[in-house]
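Chain naming follows the written order as A, B, C and D, and within any one chain the residues start at number 1.
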Amino acid sequence: MLYRENGQFKTSYAADQQIFPILQDRWALGLLLLVAFVVMPLVGSEYFFRAILIPFLILALAALGLNILVGYCGQISLGTGAFMAVGAYAAYNFMVRIDGMPLIVAMLLGGLCATVIGVLFGIPSLRIKGLYLAVATLAAQFFTDWAFLRIGWFTNNSTSGSVSVANLNVFGIPIESPVSKYLFCLVVVCLFALMAKNLTRSAIGRQWMAIRDMDVAAAVIGIRPVYAKLTAFAVSSFIVGVAGVLWAFVYLGAWEPAAFSIDRSFQLLFMVIIGGLGSISGAFLGAAFMVLLPVVLDQLPHWLGIPISTATVSHLVHMIFGALIVFFLIVEPHGLAKLWSVGKQKMRLWPFPH
Amino acid sequence: MDMTDINPAASDAAADSGRRFGDVILDLQNISLRFGGVKALTDISFDVREHEIRSIIGPNGAGKSSMLNVINGVYHPQEGRILYRGQERKRLEPYMAARQGIARTFQNIALFKGMSVLDNIMTGRNLMMKSNILQMALYWGRAQKEEIAHREKVEEIIDFLEIQNVRKTPVGQLPYGLQKRVELGRALAAEPSMLLLDEPMAGMNVEEKQDMCRFILDVNDQFGTTIVLIEHDMGVVMDISDRVVVLDYGKKIGDGAPDEVRNNEDVISAYLGTSH
Amino acid sequence: MGFFLETLFGGLMAGMLYSLVALGFVLIYKASGVFNFAQGAMVLFAALAMARFAEWFPKWFGFESLLLANLLAFVAAMAMMVVLAWAIERFCLSKLVNQEGITLLMATLGIAYFLDGFGQTLFGSDIYSINVGMPKDPAFVMESMFEGGVMISKEDLVAAAVSALLVIVLALFFQKTKTGRALRAVADDHQAAQSIGIPLNRIWVIVWSVAGFAALIAGIIWGSKLGVQFTLSLVALKALPVVILGGLTSVPGAIIGGLIIGVGEKLSEIYIGPMLGGGIEIWFAYVLALGFLLLRPQGLFGEKIIDRV
Amino acid sequence: MKFKPLALAATLVTLGAASFATPAMAQEQYIPLLSYRTGAYAPNGIPWANGKQDYLKYVNANGGVNGVKIAYEECETGYATDKGVECYERLKGRGASSFDPQSTGITFALTDKAPIDKIPLITLGYGLAASQDGGVFKWNFPLMGSYWTAADILIQHLGEKEGGLDKLKGKKIALVYHDSPFGKEPIPLLQKRAEMHGFQLNLLPVTAPGVEQKATWLQVRRDRPDYVLLWGWGVMNSTALKEAVATGFPREKMYGV
């Protein structure tokens, strides 16, 4: 009975158009942010930061970027890893080639480079759809894999092709300890999530969704497919590129092109499908699920004392992900996010059945 | 054009009134359209005057929808000229047609299924929204003002179409008749000077049809919107049209006021299937 | 010149194998409009089944004949592919009828992921070998014309012959049998096919089984050449550019696309690769396909796509 | 790849000795085993992981190292860096006395963290070439040398076979390598050696994952090198051998790592 919108009347369109029109949702969000920003840094263990929270946040950001393209604009991409790599290597080059380059600026520039490449590989989307686009984005994936391995300039001529960064700081505050890394990622992710949400509830977001749902009708009411698709590619790759920078700089510290292989692209796509196509919270739910499930399954035999080989567990994870993807596509294409909102809907009506 | 003073029930009987016919706004000359070897339209010419309700009728497969698709640039005819407001149109994409003030509904509802009624109609305002991506990302200043201003307009349309209670429902969950109405609303939101309606009353019951007729007449009457209408229900067509063009097998077989067309030999035979 | 010919042959042989996988894609796309991303996983699954059954059957039943082991393993692997086809239809496709292509594509990605895990759980993830008695030595031809002759791998020749045979068998199956004609009817028009009394579900099971058969053959040839291992499913990704090049709906397109990609890849790697630092094979096929998409989206032999509103 | 178990024996003895030297330790030493039994590189990872386990069982069956039993636990990385980091963070809390990441990528990612946690990273014949100098990464312990050592040993051996390193002059040596940071590790050393002894070094990359090698071996056949150094991976090697047979390259002239 606590979760009700009864009595919360909106007296202006501005009030009706806020992200969370229901009071309880705003409270819940405030609480969540409080936990994330204040409680977590106090109680979280190093394992929790390094192995769960930081990768979760960064992957959620990348999934968010991908969701704009796939979930909102309906353009499939199997090359997300490539755009992450572009962001990471571009930022790396800005850092090593320009003295005193601040981390934030390098990160944004990395994102911009990813945008350029993303738009470039998005151009085929103007002529081709769904299935074909998958191949075009795969081309981006394999080409960047090769380029970062092969073209010495990108890796500052490191002999093996692996590169590393050190002594990260933001406005003089070192980003070294797990907590500071976590907080840095959290701030970035929250800002981007807010901006993504704003975009999706604005005119541009409606343009993307219109193109996704019915491109001919969208064109007929005056939406330029070229503009809508390319902006989706641009915004998506920018976010993905920034996520790539975080993944490389903050999470790994030292990396090789394999960190952004096609496996990463698939992993992100799965997050988006499982979490929910076309929703911001879906990216977070999907990322949490994909990060936590293998860890939990890994631990399960340990907790229960059942001897299952680690390989079997890993295969099991594959099978569960595969099955869940099919399951969600069949039963609930809007993924965990939709299940969540259905749950909320039920709560709103509780105890009445309808 | 102002939508604030709409009174939906005011003009039921506008059909026969002496309306403000304007000049020819759209002139189609010798249009031919082929798909591979299949001829969809053959040498069709007709015009549309400002403010009139111009209907296109004909049996299934006559090329009616193709005709609309030619008008708003979804299809590009191989032959013929199209003059819009006296200017010849070269190859024109649908979004450009929209910019010139041509809006459209579809035979098979072409709503954006994943979006709410409100958002669907808001897309119709798209051309009038000018804020850039950065402003939208921050949702601040111009972007927010625009959202609110256009929301007000959209709410007027929602009131006009009497769909207030479903404004936040995803359109996919609405019954057929309401979806058709939302689609009309989306087209209206663009404040078009010409509205192409492709079987807006198909699959509706009598009551729904009456509602739809009323909306069409109101739009035509109050905003002066030119309407090109495809409809199967002869009663409706003959009642509300100013002029009717008849297509059969991609050819024009009749053109004129409803009464003329009704008595045209070719039209009768095409509908009754006596010759061919 | 001799080396050029060798490269050309090498490319043709590699291309033949791409064609085999691409064939599976085309069959499924034609009949059900599904862009089957799981074809690579199916190749791996089939090859794993074949390799492991051929290893296990002699142990289980106590016989030694390699021929018998291979035959039984082939039958068992094929049976598994049919069961798989049935399961995919039953639990996945039948519930996704009338969904958009992009959804189906993502579903097959899920299937691929599942199969990778499932196959390795059942059969292990080491390298296994398939020994169907393919000759391993190289042969040298035209020794009088070039110094050292032109080397051709006998194994490749056998593989090419088998592939050609498979294509002929499939062509006959589609042209001459009742089921084949039904399949073609479905490919042309789902509703029309249904209205003349062809149960769509059964057709899909058959198509996926036939694609499974193609996967099994590809798996055996590849497995015998390269060893059966997880990476087989990745190499199969090369079949995607092949179908783009050849056209999604064209069986001859798959064959010719495969050959073009195979040859183009090897020639470019050897003649252009060194200028770029080598290793360009990894993207060559994709970039070629990308260029093609921009110029001729329907591929060499595909039907022109007309959007009707 | 045969030297791996040997290397392992050496390490574990060293380790055991080290643990014995710190008397405060319990009668059990906990060693997490990062391994990859799945994914593209599993064919290499499985025997490696099995070998490690077998050896530890063997040591324990013989009463452990000076009475100290070795407790171990596997963690599957699938050769993915992020999974490796997760394993490291999880298992280090259980009192791990050392880590053997079994992957250059994971080693890279952990090199910053090990000094903070004061956990030795043991890299057996792989890892960062720079860690040969103990002052650079203080907590990295490359045992059995690095890739450079391995490459050097190969060249020494070839020299021996030819009757002296100077005899390598004018010879052609092809390096068929996995196109990844791992595969590229030996290149600088080999190039240096090529300069020193005047042999010609042909670099032939094999693109990931490493089973498509037709073009590579065609080039081998064209160039007719005197020796082929195979810098492969589990995945790459079996195919390389098959392709070598198919192109008729003599097996006694191939050396693998």
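Throughout what follows, contacts are C-beta pairs under 8 Å (C-beta built on N, C-alpha and C of every residue); 3 or more make two chains touch, one makes a residue touch a chain.
Quick caveat, the model's predicted, so the values are computed rather than measured.
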Nearest-to-centre chain - CA centroid comparison: A
Chain of greatest Cα-centre distance to chain B: D
Distance from chain D to chain A - Cα centre to Cα centre, in angstrom: 34
Gap in Å, rounded to a whole number, between the CA centres of chain C and chain B: 49
Inter-chain centre distance, chain A versus chain C - centres from mean C-alpha coordinates, in Å: 33
Residues of chain A whose C-beta touches two or more other chains: 145-146, 149-150, 216, 311, 314-315, 318
Multi-chain contact residues (two or more partners), chain B: 74, 106
Chain C residues counted as touching two or more neighbouring chains: 120, 125, 277-279, 282, 309
Touch list for chain D against partner chain C, complex: 37-40, 42-43, 46-47, 179, 203-212, 214-215, 218-219, 221-222, 234-235, 238-239, 242, 245-248
Interface residues, chain D side, partner chain A - complex: 35, 37-39, 42, 46, 73-76, 78, 80-83, 85-86, 89-90, 93, 104-105, 108-109, 111-113, 129, 179-182, 184-185, 187-188, 207-208
Interfacial residue positions of chain A with respect to chain B in the complex: 12-14, 17, 195-196, 198-199, 201-207, 209-210, 212-214, 216-225, 231, 235, 278
Footprint of chain C on chain A - complex, ascending: 74, 76, 123-124, 127-132, 134-136, 138-139, 142-143, 145-146, 149-151, 216, 266, 269-270, 273, 311-312, 314-326, 329-330, 333
Chain A residues within the chain D interface of the complex: 45-47, 50-52, 55, 145-146, 149-150, 159-162, 164, 166, 251-259, 261, 263, 294-295, 298, 302, 309-311, 313-315, 318
